[in-house]
Structure formats: structure tokens, C-alpha cells
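Should a chain be cited, it is by its letter among A, B and C, assigned in written order, with residues numbered from 1 in that chain.
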């Protein structure tokens, strides 16, 4: 186990290094630099100073080495677009709203999805099943963006049930100000509902055809008992290994929802800073996502051995 | 004659698939007395597993037990049972052992818990008592170190031990009838004998009746008192073990017997096999289902299903060769005493 | 006491009967899949809707007789009418014609990307599985790196480098998408290579070509068809997302994403300008997804009866 963890750790470092390098050179490949438009309007000496401040007057390779060295110390550099900000500062201010939104979406979406998945599998072939399948396919066929816009216009705007924009601050940052979070959560949760209901249904149908379910029926268990004691236990194995990935993605925020509802989250900076070629922010975000991703893969591997006893001893069967 | 425990009358089971109605079981009748062992023998696809599942009411869509069939256990109509009655019947009065013990045990649940489960759901024990009883059952079926083994998962068991655990589960509630569907097929030959011995021993202790479903005549010889030979959804011959082994009356039984490897025969010739395949049950033949593979096939065999002929002592066979109009062929299908025209 | 011998009771044996005769007609995998797909009402309805939408996308502007670029300043933001079926946009252009053309562009982009993805994925995955060993591990590493880069980062940067145009959008969408196809193809081929029935075919002396045509192709086909069915709606989604962000296509180019983006600007007062293109987008994606679900069921050999 220790050997495995150590190997994993070094693999992760290598992956991070490759990702950071790739991100750096991809950004370099874009014509122009983040100061081009600003520099045009400034006197030459000021512009030169500015270039010097961000190290943009040096050659690409030099800057690559400087960036990499900085990264080792956890210093990603100052944002070009938002002076005075570096990635740590930005994270401190924006991660909490994004994380709360993501977690709420996951809890509501996955919860609802799992219930619908169980129902669809248990009533397979009936109208309830068809309805759930249609509903969940519809959910993933409507872009989050459109959901968000329509909910905002009709539920918040015309009906006035919830605030149109905004997000709880201060003491309410994590718990409270629920009325602000209802619509964003609703817009964001649908894709999880669809994904998880389909996943659980497929997985349950796989398990239902197994011999041990027939054996359980022959033992005299009632259908609800069979579902609870045997089918769900086995059908949840694939779910538990996918869930961490969803959580990781959700934590980093959603661009559209944050944009539509003016949520001071992390997601909306991602696209903006790529477009602005703001290297330090992009690099920081990419590395953060990569760390989350690698960590999740690691967690999933460990979860597998916990959930599926066949893996605990010997290899997978 | 003992008291009848299980009575199956005119059982018909069909599977309704895209291609049409597949008549898996086409009207079979037999009964099992208390404490005796009856075997149903036949090759794969002849409907023997479907028969076993019908008795447990485990036929799932698209299969259906057809109207007019009747299955009674101790005089109670199983086909008319409600969901609740059925649950207290399954596992407690009538238990089943499946062919593949690995896939029939839940891989995520400890073996001890799986055995205890059947006791708790039938209200025969509290959780703690059931756990203790499970260990005791494991010991009874000959699993060494049962305390530790009860805490293990099925994949940690060997094939024979899994089948022993299955038997322990099946016998936990002391059922009147044990249905064993190919209990030894997935096992090594040496383990097969052990499992059959175990079943015999447990039968003696619990006085349960066993309905053994198998394609292996070698297994049957050891344990069954009476044998039904099934072919293509019908019972073609039935009788005591002696009748079937020493006085077979149906060409199929004869062919089946000659396909069993034997050590006592001098001439080490080719092991006989039955050529061809059973008929398609989507369109069951009007006549005898065996006629396309039968050495003694006559024109009548293709036209009409033969009535069963009684040879006394419960020995019956359905074959036109025993019709008075049929010629006497050169085969060991007749008894010397039998007066032939 | 000889009786007249009944001719029906003469032993004739079974030597001349065809014992191995297969009574049922044989049905190939494809025939079976198609038959099952046809029996699935949801899949057939979505197929019909799709065909209808494609016809509209191709001939829609001709049918309604409106030009999608013609601006009529006097008829800005009109509600739907007999002349303008979906009304007009804020420059007085016929919305129905625009949505049709936009759907055409979006569908074309999705189709081209899917083709590229499948072709590259097959070749790459095939090479990985065929050579194996270190070639396989290096090519696999490349895929892993590509997949660990944030998707949007790559797409946005490609668009920034190549500029806003249909060809650069195609490149941007395809640049990492083939990775999953390649992995799936590799998986199937590897599994088949070690499968017992392919070994059996080899033992029986089947030529490599026969194995490829009889075993590899049919088995990868299923995966590829599913891949296609899920990729097309994905691309339509991504195209509209990017165009909406102003990264994908931009006016005067038209696509569903561009129209939706313009519709969002107008939605406060003329919500129909958002709802019509969005509804068409949802309808296309929904039909593809439902059809894909039906295909998945139809192609699953486990469900074969």
C-alpha cells in the first residue's frame, strides 16, 4: 500500500509538471501578450516598465524557467489583468461561493438522480420507467445556460419568487441566504440528475440479472428487501467510483451559472483569464484542477477496495 | 408408498420472446414423497431447470406458467399463493441450491451473514442467534474453522466450499423439500462425490425430500430413488433407479446411458454420443420429439406423440416401440417376461 | 397370429433425417439490432423527428421563402406571423430562416467533427492495440496528458491562435475529442485479441482478414455507432456554448449558438428570440440522445433474444 502511494505521488508530480508546461507553451503560442491592448494607450516608458514588472520583456525560455521555479515555491505570480491579485488571493475570495454552489448541486442532483434511477430500474418497462428515462434525457439535452436564463427570467423575474441575482455573503456564506441559492442550484443540478439516474439504472439492471438476486428471491426475501440488501449494495459500486469526480468538478464552479446569477465564484474567472492570457491565474487554476483530478483518481482507487471486497484480497476478479 | 409431498400436474411453461412462444415445459406431471430423492435427468435445454424454477415460482418475464398447470406442496396450491405466502414458502418450506455457487452468493456480503439472513427474514431467530446458527450450519456442512469462515466473503471460498455454504443456506430453515439444480456441475469430480455425500447425510438428518436436477446420470445413480428422464419439455420415461439403469424402455434413456463413461466395460470402444440436437421448442414437433435422433424411428413417430406405456411399479415410458403394432426391434428395450405380440 | 403390418410402424431409423437442421432462420447481428431498434417506439419517433429537422435545416429557408440575411429595418422584433413563422430578430431578419441555417451549420460541424474523431480514434486506437508494448504505453501517456488538460483551455487557446472561423472551430473541437474513441477502440481490440473465440478462429485457420472482418469490425462497430450517437449532440452543445461565449463563431457567421447568443441579448423584451433557437437545439440534441439510447439497447448483445 505504501509503495503504491509513493509511486502514485511521483506520477502525480510528473503529470502536474507536464500540465503546467503544456499550459505555459499553449498560452505562449497565442499571438500578442496580455499587455498588448493596454500598452498601446500608455506612454512608451510606462509600457516598458509594465513589461519589465511582469517579466514579459524576457525571452520565452527564461520566463518558463522563472515561472516553474516560482511554482515550486507556490508562487504563481501576480495577475496581469487584476493588479494586486495572485491566484491564492483570488481563491480565498471566490472558492467558497463556488464550492457551496457545487456541493448544493451535487447533493440535490445526485440525491434526486439516485431515487429516480432506483424507481426506473424497479418499474422497468412501465410508463414510470419511460417517463423517468425521457425526463433524464431531456435534462441533459437542455444546456445549463438555457435553463439558467429561463429560470431567471420566469421564476425570478416574472413570478418574483426568488432574487434575480446575487449570492449570500459574510455570515451567510455557507449557511443562510438560501433564497439566493435556489435557482442556481436548480439550474446546476439537472445534469447530475440525468447522469446519476441513468448510471444507477443501468448498474441496477446489471445486478438484477445476477444469479445471487435469484438466489435471494429463492431464500424468501421480499422485493424491497432484495433491492435494499443485495441489489443496491452491488449497484452502488460504480456510483461510488464516479461520485468523487463529480465533486471535484463541482467544486471548481460553473462558468454559466455564476455568470448568469452574478455569483462571485471561481468559475467565471477561468474563461475570462484564458481570453486575457493572464498566465498566473490560468496556470494556478489549471494546476488546482489537475491536483483535484489526480487526488480524486487516488481516492477512487482506495474507495474501490473499500466498497468491493473482491479487490481487498488479491486482484480484481 | 409414503406420503406425497410435492405434486406437479400437467406443468406447462412458455417463454414469450420476440421470435415467438418457446414452450420450455410441455405438460409434465410427477410427484415427490416425503423424505425421498427424485431426480430429473436430461440434456441442457430440455426444461429441467425451468421445472425447478416453476416449483419455486421463480419464473420471470418473459416466461409464464400456463393455465391448467398445478403444483402443490403438502396439499397447498403454490401457483395460487399470494406474495406474502410465497415469501414464507420460499426458503423455509422449499429451498433451492443453484448450479454456480460463485455467482449465486452476493459478492459484497459475508458468507455468515448470507446464511443468517434466511433465518432472520423467516423470523426463526434474532440477529445474534442467527449469526451463531450460521456458524453452526457451516460446521455441519463440513467447513473447517467456521467461526473465521463466516466472516469471509464468497470469493475467499473454494468452489466446493461455496457449494457447501449454499447447502447450509438452503438447509438453514429445515425445509421439507430441497431442490438442487445441477449442484455438482461446476465442481471437480472429486468434490462432486463429497457434495453428493453431504446432501445424502443432511437428508438423513433433516428428513427432507430432494428434487435433484442434473444432466449427469453418474450423480443420480448414487442418490436418487426414482428418476424422471426429460426430453424436450416432456418426461419420456420414469421409474425407479433400478428400472432406469437396468431396464430402460425408451431409446433416449438407452442412448443417454450408453453415453455415460463406464469403467466396468471390457471393450474400451468409442464413448457413444447422441447425434443431432433437440428440436426447436419454438415449433415443437407434432410427434415424438426424439424421432430425428432415434435409431428406431418409424413414420408414426413423426406424426403423433406416443402415449405412455406402463410397465408396472411406476415404470412408464412414452415410445411407439411399445405399441402392439410396432415391430420388435433388436434392442435391450424389452423385458423377457413381457409378453409380446 | 400375424397382423397386417401397419406401414406407419416400420423402423426406418434416423440415418436419412437431417439431424442438424436449423429450424429457425439465421439472423445476423445487424439485422437483429435493426429489428430491435424498429420495435423501440421512442427511438423510432426520435429518428423521425431528426429526419424532419434535417429536412428543415436543408430546405427550411426555401420552404418559407425568406432569406436569412435580408434585413428589413421596418420589421424589427416582430412576433410570429404567417409571413415570418418565428418572427424577426432585432435587425429585422426572418428568424425561422436563420434558425434553419444555424441548425444546418451546427449539424454540419457536429457531423464533420464526429467523422474526424472516429477516424483518428480508430487509427490511433488500432495502432496502440496492434503494436502493444512500449508503443502502446507511450501513445497511452500522450492521451493521458491530453485528457488531463482542461478541455476549455485547449479549445479557447486553439481558437485564439487560429481566429474565429468554421475551420478553426472544427480543429478546436476535434483536438482532444478523439482520445476517448481511441481508448475505447483499443480496449475492444485488446479484449478481442485475447478472447477465446478469436483464438478458436485462429486455431481453425481463419485468415487475419477474416478475423478482422468477421470479429473485429462487428464488435467495434457497436462502440463506434454509440460513440457517434453521443458525440453529435455533444458537439452541437459545445459549438453553441463556444459561440455563445464569443469564442466560437461570430456574426456574420451563423449557427445555433450565435443565434442563441443574440437571443439572450433580446430576451428581456422578446424572449421568443431565445426560446425558438433554444427549442430547436434542445429538440436536435434530445432526438440524438434518445436515438443513442435506443441504439445502445439494440446493439447490446446481452439483450438479444
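Note that in this section contacts are C-beta pairs under 8 Å (C-beta built on N, C-alpha and C of every residue); 3 or more make two chains touch, one makes a residue touch a chain.
Since we're looking at a predicted model, the values are computed, not measured.
Undergrad: Work out per-chain C-alpha centres and flag the one nearest the whole-protein C-alpha centre.
TA: Chain nearest the overall C-alpha centroid, as shown: C.
Undergrad: Can you tell me which chain lies farthest from chain C, using the average of the Cα atoms as each chain's centre?
TA: B
Undergrad: Which whole number of Å gives the spacing of the CA centres of chain B and chain C?
TA: 49
Undergrad: Taking the mean of the CA coordinates per chain, how far is chain A from chain C in Å?
TA: Here the centre of chain C sits 26 Å away from the centre of chain A.
Undergrad: So what's the Cα centroid distance for chain A and chain B, whole Å?
TA: Spacing between the chain centres: roughly 55 Å.
Undergrad: What are the residue numbers in chain C that touch two or more other chains?
TA: none
Undergrad: Listing for chain B: what residues touch at least two other chains?
TA: none
Undergrad: What residues of chain C sit close enough to touch chain A in their complex?
TA: Spelled out, the residues of chain C in touch with chain A are 42, 144-145, 148-150, 152-154, 156-157, 160-161, 233, 237, 240-241, 244-245, 247, 260, 264, 267-268, 271, 274-275, 278, 281-282, 285-286, 289-290, 293.
Undergrad: Any idea which chain C residues touch chain B in the complex?
TA: It comes out as residues 1, 3, 5-14, 17-21, 23-24, 35-36, 39, 305.
Undergrad: Hey, which residues of chain B end up touching chain A in the complex?
TA: 56, 58, 83, 87-92, 95-96, 98, 100, 103-109, 117-118, 121-122, 153, 155-156, 166, 169
Undergrad: Where on chain B is chain C touching in the complex?
TA: Answer in residue numbers: 17-19, 275-277, 279-280, 282-283, 291-300, 303, 320, 323, 325-327, 329, 341.
Undergrad: Going by the contact rule at the top, pick out the chain A residues touching chain C in the complex.
TA: Listed in rising order, the residues of chain A that touch chain C are 15, 18-19, 22-23, 26-27, 29-31, 130, 133-134, 137-138, 140-143, 145-146, 149-150, 153, 270-271, 274-275, 277, 282, 285-286, 289-290, 293-294.
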